[in-house]
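What follows is chain A paired twice: with chain B in the first complex and chain C in the second.
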Partner chain A sequence: MTATQAAQPVRHNATSRGRVTPTLMVYLALVVLLVVGSVLVAMRGGVLLDHGGILNILTRSTVLGLVAIGQTMVILTGSLDLSPAYLIGLCSLIAAETMAGDPGMVVPAVLLTVGFAALVGLVNGLVITALKVNAFIATLGVALIIRGYLENTYTGPAGSVPRGFQHLGYDRIGPVPLSTVVMLVIAVAVWWYLTRTKGGYHVYAVGGDAEVARLSGIRTGRTIVMTHVLCSVMAGLAALFLVSRLGSGAPLVGADGGYDLESIAAVVLGGTLLSGGRGGVAGTIGGVLILATLDTVFDDLGVTPFLKDVVRGAVLIVAVALYARSQLARRAR
Partner chain B sequence: MTRTQARRTRFAPGTVPVLVVLAVLLVALAFVGTAYQQPAGYLALLKRAAPLMILAIGQYFVIVSGGFDLSVGSLVTAEVVIAARLIDGDDSATGWVILVLLLIGAVVGLVNGVITTRLLVPSFIVTLGMLLVLDGAVFLWTGGAPRGALSDSFRTIGRQGIDGVPVIGQVPWSVVVLAVLVTMAVVFMRGPTGRTLVAVGDNETAVWLGGGRVERLRTLAFVLSGLSAAVAAILLGGFAGVSAQVGDGLEFRVITAVVLGGVVLGGGRGSVVAAMAGALTLESLFSLLNLLGVSGGLESTVQGVIIIAAVAYAAIDWRRKRA
Partner chain C sequence: MAPIVRMNGINKRFLGVDALKDIDLELHAGEVHALVGENGAGKSTLMKILAGAHRPDTGTIVLNGQLVSFASPVHAQRAGIAIVHQEMTLLPDRSVAENVYLGREPVRRGHVDRARMQAATADLLDRLGERGITPRTPVRRLPVAQQQVVEIVKALSMDARVIAMDEPTAALAEHEVELLYDLVGRLRADGIAVLYVSHRMREVFDLSQRITVLKDGALVTSAATTEMTPDQLVRAMVGRPLDAMFPDRAKTRGPVRVSVRGGGNERLRDITIDLAAGEIVGLAGLQGAGRSAVARALTGVDPLTRGEVEVDDRPVRIRSPRAAIRHGIAHVTEDRKGEGLALRQTVRDNTMLVRNAVFGRSRIDVDRLLGSVGLAAGRTGQEVRFLSGGNQQKVVLAKWLAVAPKVLVADEPTRGIDVGAKRGVYELLRELACSGVAILMISSELPELIGMSDRILVMRDGHLAGELPAGSSEEAVMALATGSGA
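Entry: the complex of A and B
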């Protein structure tokens, strides 16, 4: 599945034929990382890509992948979302407390969670477009508001999910977790939307140049609001997966995962420009897989978690520097 | 238009609202808290606010020249942890450790600046990467938790003050440091380099075409931000002691403060005094909420509402002026 995903946008977005696009670079880097990682782990007598290893990488990718898919859309319009982390925490509590262990409440709880997430996305979008607040500030503000509510109201985990709902988090098809399949299906759907529909073109147009897009008759505000709603809904779905694995809602589950900055890192690592208009979901999934593989390799090697952060930071900066360089080379032609 | 404005008020645009809010808060504090009926109460407030205000000066330079510095929070943590490990309770080490801390701050800023300007990586990403690197590196070095201890003379700067001053009693050292830095910042911003820095944030190409050294100026802004984090860390380390959480969330808090002061993200607009006023406003507000018995948990909520309201307010004003 990932192979076709990688190939398609390359063909689609290739502005200069024969050049290495960021998306291709991401997947090449992923392959190199898998090979080097396998060798390193093998030298310590382990196997990176056995059943457990693959499961580990994919499980790690799922939640971050969902948030990053939403973040990709937002960043493509030239906006930014800093609210997913605390939103995930709040959504996990809403879901778990609504279910309260009752199998009959699963559907209402899921609807309520997704609906609430959409509402937060709507607020984000409207603050940015109607109140003309910089996206950084608007979503940071919303994140802080949610954080304050969480810190004031909850002291620890709350609510519980029925056993049936935990299937979502733990069931697998072969070595692939069910939740990863759902994430990848959503990724393909979003990829199709961005590259094959009018709405998707509008996203790229707004990110490329909002003023030109507006003059071309695109409702730029509506596009930005919509991507924020979708991004928050993705955060809501991520919360549902986390709840199904944890069995209850936890206020800091999103913040501890660092899903706000981490998702932005994954998107940018995937070759999407932070200023918008260029990039796509295929690269983002590659970026997420790279981060997850790095984590798994480090765990297998028994390296302290602190070195992970250092490597992550360095990888992020180096990757974006490389993209900027190839961008420059292209412009020079 | 800006010219008539400049004649009408001597303040930079966007400065007046934050000063009004600050004045209201300071008066309100006097009504609510008995400690604020004497100058010492306000001095204590200034002492608490000094680290954030100093960080706001540094962040102002970066934001006004069109960038972000997300690394200051983790830099503060790193500096405090490094100080504790290097000093390890040895009083005689204080002097050179402070110099080392300032150097580290400057180097981190230099790296941020050089990567941003030479490798053309957006500052958001560079400083985010730096945040991760610093967070990881410092605990990699100390093995997971802060080690060692700060010396008494190191902690003096954050804790003690000059005693026996008439009327107000004790003047905290942090307030003295703050006053010196504020003066330096104001003088710097009135000089040619400061003015060009703002111009870089407004229109980089124009400055470049005019012969300005854009890369060097933007790098300088990051270096100053790194230095401000080092100074803030010295004050915070003295004030609050060694902890692995000392800088948590400071990057967002200081950006809130600067934006509250009417400095526009993206650069080119705002004054350094207003940025500091924003930081003091934020701290005064937290003190006031504390006195009113609002729980600490809601602090973030208030911060969130304020930051959105402040920027939305500025945006409304803009549209009216244009019409």
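Entry: the complex of A and C
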């Protein structure tokens, strides 16, 4: 077989040249946003990308980034997860209450938190694949169950983390928070998983066409369950970062951050198809950075929260409309 | 020489209906075996049994001298039997190589060995003499013919010794068919057994060494291609007595109600049709020839982009179903449950659906309307999904009667309903015609089409191949539809 390799004819591939992928579009948009934002902030006498500004953008990106990475995998299989926000709240409480200020309990608490998150992901996945409940409803149901428990059991923050654990949230390498570095390392790992491993290939196949995947011998149910487990684990990690910054667990820390819908928005903004099968983590991180930058710019400009949401909504719609257009143009070729 | 595959006494029933009756089939290495028959003759079912998608009720499959039984298509693939589907089973957003090795990706040290995957795909493409395809190209960007090549490469990558092709030319343009011929020739030269399902005469005679004809689930004849003439083949495919269950034909033809001049769109070209009051015009053709496309164009579902349309001598533009309905064109769709009815609503709601939606709410006597299509008055409050297929179709007809159409386009109006109900539909259509409606009827069942039609238009490859008078033979229709010129 390998003998023919040398004799292989030159294959022309004119179509791959000069193509603007959604991922490229996202990062171009990010650059434009940074430039425009810098100018706007400068006009008000400020500096967007000074030490504090960069720190602000990266800190905002870290927690959302983690959740969005998990959400990317789930959405690529054609599923969806609406439960991360409340799960983050519950996980923050599990972590903080288990630690209860005792440095010796950090490791058990982290393991317990991640393990519990994984279990919730398993439930999500099994309800979707085994009980055949639509992902929207299944994860909404799980989210409501968690919310009910939180509201019934907690009235406010609880538990406390030892000082040592707070390093995770506050330590920096230059202007870059340690937690951001961890998030980016995870992003690279997931990127590698999706683009280089068999399991990752199957994620794309299931989202592209579940029936085709099934007939090709891929265990579609297992693939979907696994992405849900990973997604919930990401929510668990996000909770650990939040706890390390807050010093205690808070039932609504995830819901207040809007991590359920916001993570979906970041994934879609990053060019991943909501119906699955196309997209990736690189775009998602771009989407997260755009949302975080927008926030920071608006804060610097002192814009009202109302206008903030309006602009974010508009950006999301414009982005998805642009992707749909470029897709149409490609098909018409 | 012993055959690679020997299927023996295959029987299969679906919901009490015989889909296959006692079929024997042998496939030899380096031989193209054509499987032909009308729509619904059982070709696809037989192929699916071979490929492990269905299990036979009785009968055996012997592969390379061993008795086999496949639990799924994946098992059949592992045993060396691959199927190239009529509709593509590729992931459009994944590359050629990724599709070829889907579910069987080569792995090296924990990651997918992309270099090996692409090299192996390139080798297979070279083996087929296919130089225009790069393993890394997303399938979405390949033309349909090349996507089919990818399907075949996928089959070869599994070391398939038997490849079943289901109507492989259905989606291809004329010049692409040549490419497929070459490809099939090379598969033969490689000693692969090909089961070639088609109802295009020319391909069958050009490509095959052996022909097996199925009709109504039974094997009619199986012979070497050299021992058969196109005439004999057509007769074997259609030969059955014409039932005497059709109402009398029209005696007079009224004024033209709708006329299309030079109509065309993505699927159709150069369509010129006149439909007159009082007549039922049959539209024949093979699956994919564009019959439904004509229906969908006339009724605004997939509008015409070229040509002129006149209704009652007035030029009109039909760019949506709503526009078609406003101009008096009704559409009994092919897919009754998906497109014709709101299954969870009542008979009354369904009957009033179009009238209320397009012409505003108004009072009409629903019971009388339902009575005229032969539905008992007590049914009006019942949910449509609980009705039999025949009664559901009556509701569809009542729905259109409620808007008093000028033209009725009926796409497979008797699909999936029993013989008695069919007769009811025939009589209703004829009554409608007599009351001054122009009817265009599409049916894959030739006896029905011939029995009902005052004249028959035959389609082939998106255009009208010709017109035949009432009572023409099935052979004549098939000859026009397949272009065999017999």
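The working rule: the second predicted complex is superposed on the first by the 316 of 333 C-alpha atoms of A that agree within 3 Å, B and C clash if a C-alpha of one lies under 4 Å from a C-alpha of the other, contacts with A are read in each partner's own complex, and residues count from 1 in each chain.
The rule is short, and it goes like this: contacts are C-beta pairs under 8 Å (C-beta built on N, C-alpha and C of every residue); 3 or more make two chains touch, one makes a residue touch a chain.
Just so you know, these numbers come straight off a predicted model, no measurement behind them.
Undergrad: Quick one: is A:I137 in contact with chain B, with chain C, with both, or with neither? Answer first, second, both or neither.
TA: first
Undergrad: On the A-aligned overlay, A:T197 touches which partner chain: chain B = first, chain C = second, or both, or neither?
TA: A:T197 sits against chain C, while chain B stays out of touch.
Undergrad: What's your read, chain B or chain C touching more residues of chain A?
TA: After superposing on chain A, more of chain A is contacted by B.
Undergrad: On the A-aligned overlay, A:G217 touches which partner chain: chain B = first, chain C = second, or both, or neither?
TA: The answer is second: A:G217 touches chain C but not chain B.
Undergrad: Scan A:V127 for contacts with chain B and chain C and give back first, second, both or neither.
TA: first
Undergrad: Going by the contact rule set out at the top, does A:G148 touch chain B (first), chain C (second), both, or neither?
TA: Only chain B; A:G148 stays clear of chain C.
Undergrad: Between chain B (first) and chain C (second), which does A:L307 come into contact with in this model arrangement: first, second, both, or neither?
TA: After superposing on A, A:L307 lies in contact with chain B but is clear of chain C.
Undergrad: What does chain C use to touch chain A in their complex?
TA: 72-74, 77, 89-94, 98, 102-105, 107, 110-112, 114, 119-120, 122-123, 126, 131, 133-134, 136-137, 140-141
Undergrad: Which of the residues in chain A end up touching chain B in this complex?
TA: Its residues touching chain B are 127, 131-134, 136-138, 140-153, 261, 264-265, 268, 274-275, 304-314, 316-317, 320-321, 324-325, 327-328.
Undergrad: Which of the residues in chain A come into contact with chain C in the complex?
TA: Checking each residue of chain A against chain C gives 1-2, 4-5, 8-9, 11-13, 15-16, 192, 196-198, 200-202, 204-205, 208-209, 211-213, 215-218, 277-278, 330-331, 333.
Undergrad: Touching chain A in the complex: which residues of chain B?
TA: Checking each residue of chain B against chain A gives 68, 70, 115, 119-122, 124-126, 128-137, 139-140, 144, 252, 255-256, 259, 265-266, 295-305, 307-308, 311-312, 315-316, 318-319.
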